[in-house]
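Heads up, the next two complexes both have subunit A, just with different partners, subunit B and then subunit C.
Let's turn to the complex of A and B:
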């Protein structure tokens, strides 16, 4: 790891985003802003049935609408529909109004089918089958280590509980979509994507064009959070409409569309038993779990990152562990990877039961965690955090605040693998001293463009603003998709490699022994007419994986209204070598804020009677707003010797768990399901009748049904790259 | 009476076909041919090249389409283009016409009050309008003014910081980097 400079000028310091001026002036052109000559507006026609057999789709009247230039069906002939909002057809025309008119005139002949959208209902015998050829409930994946039943018998304390988490939607502000121009021989796609090469390869395959003839471009991108890989159905439709019309076609989803068909964090239901000796050493853990990833879950399609599995017993070392997890298919849109897939669910169940255990043992929850956490860095973080947070003064007996406004504190930890490799990059050093770095990665808003400039500047002894960084184009050297906190650890070493080789070459050709800093320009001038062009690639030793983090939360709960106000979040996070402190901290803020939404506000609500999503907009699906944000304090542990590690995922994981623990500490009663809404608090405090609120299903019979195990299936694939 | 009313109303009916529309965008008069049902946001994004205002919810809940109408922030998705005739429309592209960034824009960059940047034009305009009205806002004033703007990346703490710094109000950084732990 010592290859990184030991006394850096820019690494770990605050560097402003290179694209800042473009973003604050509107000059930044996103894929949704592209207006190639002759472009058409496109819109998607969706199923109004949650389950149906489509017999035919007639586009003739839609085609006849003035301004409409093209119309296609997703599939010809008979086809099933598995969820409300599934894509059936698309139109393209000269205006949004023409498209809106045309969508109304599309005629569909269909036979509606029985459907089920609630996972607990979907597990019951006789429930409507999502698929004709397989059960809704998958075979459970069983994992057993040690002798669980014997160990429980020897525990001094055993706690148990049932926990559930909601379906959370990604809701990146730029919706999914592309502007695509298919010509006779080639294709250009401006894509809102986390992986330009995945878009290129997907379109090349569908259009039967060579990959070298398809170019995907993502100069600026309005967020993805795991949901934007590959061209998607919307990309395929735009490409086909472009081929049909010979014109560029832009299809950007509406916010309504975004709530139905382009991913979510799956639900989870967890029945947990945890036991320890009287000193708090964990001895035994037992989990029955299931969840739904929508129609991509269940018996037919178990497996893959879109599954409903989650890690358990999460970050803790327990010698005797049994877990049983299954997925349930429902007539709902499929899950996709969502910032730290699986982890927030696993964290909520485990960290909640850990606090229950701490209370039963009469032990400080921080001490209980330090005692059972095998990861040394996280143990240090707890120690740093409790000091900084004033934990000893703030942690008190649950529910002991006098008066109606009760305060409480909570804590939780997280892990993330990350890592990442495989990126290639190219640096050009021109005779006039101009430096250009090219890399086929993409900036989702995480700041990778600026990270590239920081690394290059560090090596050449220049300032980051002197580096021209060109990214987001499949004509550049390849890089992987931006997901799983792998971008910075994958890209930084490739830039380091290319620039280091470029510098050596510059020194060789110019004869200047040290061409850095003030010597850089004089050395370049000696190049004559030939610039130096050097390739670099990711290699071992400059980045690593495995980040740990902890978060402390403080809340105030109004026991008369059930309103929770989070007043403080303290984050202590490890991310190896900090590349850009300014943007790293922004990522931490962002993770915490999505975590707050998960804790308190966000939930996709579906109607069991009609099978539709009831809150496909921001009035009713509540994102955290600026007034909901507590004081967020961030402590980053800089460990240059570990190399670069991504920070995007680990910071989103523990927030909801810490908030839930703080709420339980405040009111003296635990809320077992997310989001923690006022109605649940009032019910827990006996202020409203039991059963009057949502999210309190009788889950025992459901857990009992997760029994079909033969150890074959199992749908939790950890998103951690190897 | 009813007849007269009908006649009066009939004279005001425009469309449904496209009609000439004159908009003054960032100080320049622009001529459009638009159906009356076209929103100001649609006119800007799809019938002109001013794509700074973003379409995110298209129903007045997120503020990404914020523009200034005679200096007052409005949601461009909730206004028909024909209603904006005769008014001064300022989009984010019009804040720094000579290329020199405003103090608000500079502080958004310096404080990193943005990530993906899709909500940024809306926030920049909202904060600019706030400071024009209230040059020394409190943190609460900023939060209140920005309550109609959503950010999914979670840049809120730094939006507040940028707004206060642009107004010359001191704020403290909340980030610490510990080494040798």
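Let's turn to the complex of A and C:
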């Protein structure tokens, strides 16, 4: 079906990142490196209260600090504060130190309010209300297919489990921020963003400027993972400070800021019941779940793309399904879309209970999955993976390794749409043979520049290094935001279309019948002085959606210290036509590492007594380091006939589930909450003295909605700013 | 950070003279600059002590022991192959390669609490002069399981734990002369006093650490367990030193880190091991004695089994 070349030279092969040398030498200028003439440093003043009513904010002393050129409040007049770290004001000055000094002189008159940061506490009767006009706990969404209770009665085996997942932070290595210069008639923004047009449109709206007068530029940026769309509060403040001072203003968040107010993956709590017949055919599924997307959760809002809902029973076909899901508001920073929103939570609960069922049935977990998975490609991936991984040799009775260091294996699957459309692109073929492709997409680090060059090179029969790719500028033909694994499937067809048309035009004008490869330059020379400029756009048939993937994990667990070492991850993933194998594999590696952090290390920790974030840094918010990363083996199913499908999200999803299943297989006991840290392992193994708990305790009271007498927030007087 | 004066000191005497009441000594700066950036420390003056004579050297003492200058970096320590193995192992676990290249012996010993309540810029915990130890009823998974005061922040210096079992002494410039403090003495105040990070008094400056001459047959070992494989604080650390003669422990010392405001050791446990066979049963008996008085808090009971495992493993390493 596909129009893609059937015998490609570059598609599906390894092409190194075009910008690699610029990045490793420091020549690449990221958005945070931009220093336009006269720029000012900007910083944000944040709430030190987790909940408060602000009466007034006085910026006068801050304005008087030497070097300070401007100061604004986020909102004038009385306002509520919903979480620790909420943005209240910002200053701009000639140095970072001037801004730091000014922030300490901002005076706030406020009345602290009761608060709650723990979702389980927040849903209890009598808990402090995050919003005065709506309950913390939203109305549950209930879905039912089939006859669940009757089906459970027919099941040969029924397993129950309670699972929870933590709040994970995006922590892009380049923090959120922009450098923005607002002039009388127009505006330029150098943005660290996944969507340059969303930044342009947001600023145009805020500044009441025509969209054509606002330009957003993102030459290079250091990651977003779903959290960087639109100008954000920080962009809005930079624009206002620039308008006030007449100078470019740069606000790049600090690592501390980054931990508070620019999104996260919401928590989840899941009580699951799953039943099957004795052959392992799934018959019934029941879920009672909730989660918290911080203050943008609960009764007031649905939470949007970063909300607390998650798919269940995830990738499996179960004839009788009942799900009940709710969101809980807490006094915490709001969630945002985070690489595969909802899926890692849904996967962890479902894949954990699947393994429990497999153990009860005495069935191989891979067989159980293949039996109940409706997606043919994924069934094939399990078959490929189990061979490659040596599953049959490695899978053994849970907890059966002799000695204190126990090894185990686990498996899990994932799904994602990964389609994309709507991109436009332009190719210029110059009489000297120079080719330039322009597209208003942006590279959030995934390698789209190189993908564009590969597609263009394939069509012209040139090498990718001969293609000048220009992206990251709203003056170029429009493309969508880079989220939801849509960039490559959206952009590649537009490049294909523009270049194919360009080639045809070149052949027509030059009279060279096949102007590709060695004929390209001679054909161009016949153009005279007029270059060929051709527009192209995304169209049907070159991309599709619906990716499947499976991952296998092997771990070693020290049962005396609780330390988990992941020794191997095998990924078998479909993404349709592989455009550039090297950057696609790089995407897989990155996804697995995020999943590994989710499995073992990462967790935003908030203090229930004071409402603050306790680990707003890389010291105690633990990201996987180089020595934590195992051998990651990637098998991509190259399926050109399906067209291009995005790969960003699906590879994040099953890692934590596979690792959790491997840990359970190793030690013979399941850890029901992420991250799987030594304290939880030791507690699950009953090695911790009585009375001490690590958070792997039963969640049942939360689901029972028990009454609690002391649901009032603790004393917060001690830490109020002087 | 708050603006400060910067002065260079050439001798211990001049350093002590320059420090005043609101000054801080600056060496590697790993700990101090972090505190200053968070406004936890707001010194009016930094006294650079990196140029004090002989403080960047590792040398032999007249008695055949080692003298480690306070400005020797952790990386230099980790690369010094003739030092006791336990000390090299402890140094190699400090921070990251970048941190080890800058951080110093003196700074590692004198570093302040890493309790996340203490380090939170918007809280004023007990150790910072407030009225409450938030960790006691809060998120205390990284906190102490032994303490003699209301603060439950543990000492996190890897070197302190290894140096304790090596019977090392800190050479401290105090009131115009050198005094020698055992590791127990260097941290004793932190056991009782919630405001104390160690026993150093205002103006005290660590100049060096001295390790007694190695005795034939004596070995040492240091192990830690962290949540990550590398570049992470110890949940629990443990060091042991001593010899194993004809299968029996002789002169063994054992100490734990990250479990108490001081390197935690128990003379009775050392005594218990004397002459006992080097095996799991002896090691477990020592561990039981050491851990019998542990009083874990709501989220850190898991440190007890880790400590038990590390005591056994470090002790058995002495026979290897």
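Keep this in mind: the second predicted complex is superposed on the first by the 693 of 722 C-alpha atoms of A that agree within 3 Å, B and C clash if a C-alpha of one lies under 4 Å from a C-alpha of the other, contacts with A are read in each partner's own complex, and residues count from 1 in each chain.
Definition applied: a contact is a pair of C-beta atoms (placed from the backbone, for glycine too) under 8 Å apart; a residue touches a chain by one contact, two chains touch by 3 or more.
Predicted model, so just to flag it, every value in this text is computed and none were measured.
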item: First (subunit B), second (subunit C), both or neither touched by A:627; value: both
item: Residue contacts with subunit A in the superposition, subunit B compared against subunit C; value: B
item: Which of subunit B and subunit C A:635 touches, first, second, both or neither; value: first
item: Partner chain in contact with A:384 - subunit B first, subunit C second, else both or neither; value: first
item: Touching partner for A:585 - first (subunit B), second (subunit C), both, neither; value: first
item: Which of subunit B and subunit C A:609 touches, first, second, both or neither; value: second
item: On subunit A, positions contacted by subunit B and by subunit C; value: 97, 619, 624-627
item: Residue ranges of subunit A in contact with subunit C within the complex; value: 48, 84, 97, 100, 104, 256, 404, 558, 560-563, 565, 600-601, 605, 607-610, 612, 614-615, 619-620, 622, 624-628, 677-679, 682-683, 687-689, 691-695, 718-719, 721
item: Contacting residues of subunit C [partner subunit A, same complex]; value: 1, 3, 39, 114, 116-117, 120-124, 130-132, 134, 137-139, 141-142, 225, 227-233, 235, 294, 296-302, 304-306, 308-310
item: Contact footprint of subunit B on subunit A as seen in their complex; value: 12, 16-17, 19-21, 23-30, 32-33, 35, 41, 95-97, 171-175, 220-223, 225, 252, 254-255, 380, 384, 444-447, 578, 581-583, 585-587, 589-594, 617-619, 623-627, 629, 631-639
item: Subunit A-touching residues of subunit B, taken from the complex the two chains share; value: 35, 37-38, 42, 45-46, 49-59, 61-62, 64, 91-93, 95-96, 101, 105, 108-110, 112, 114-121, 124, 142-144, 146-147, 149-160, 174-179, 181
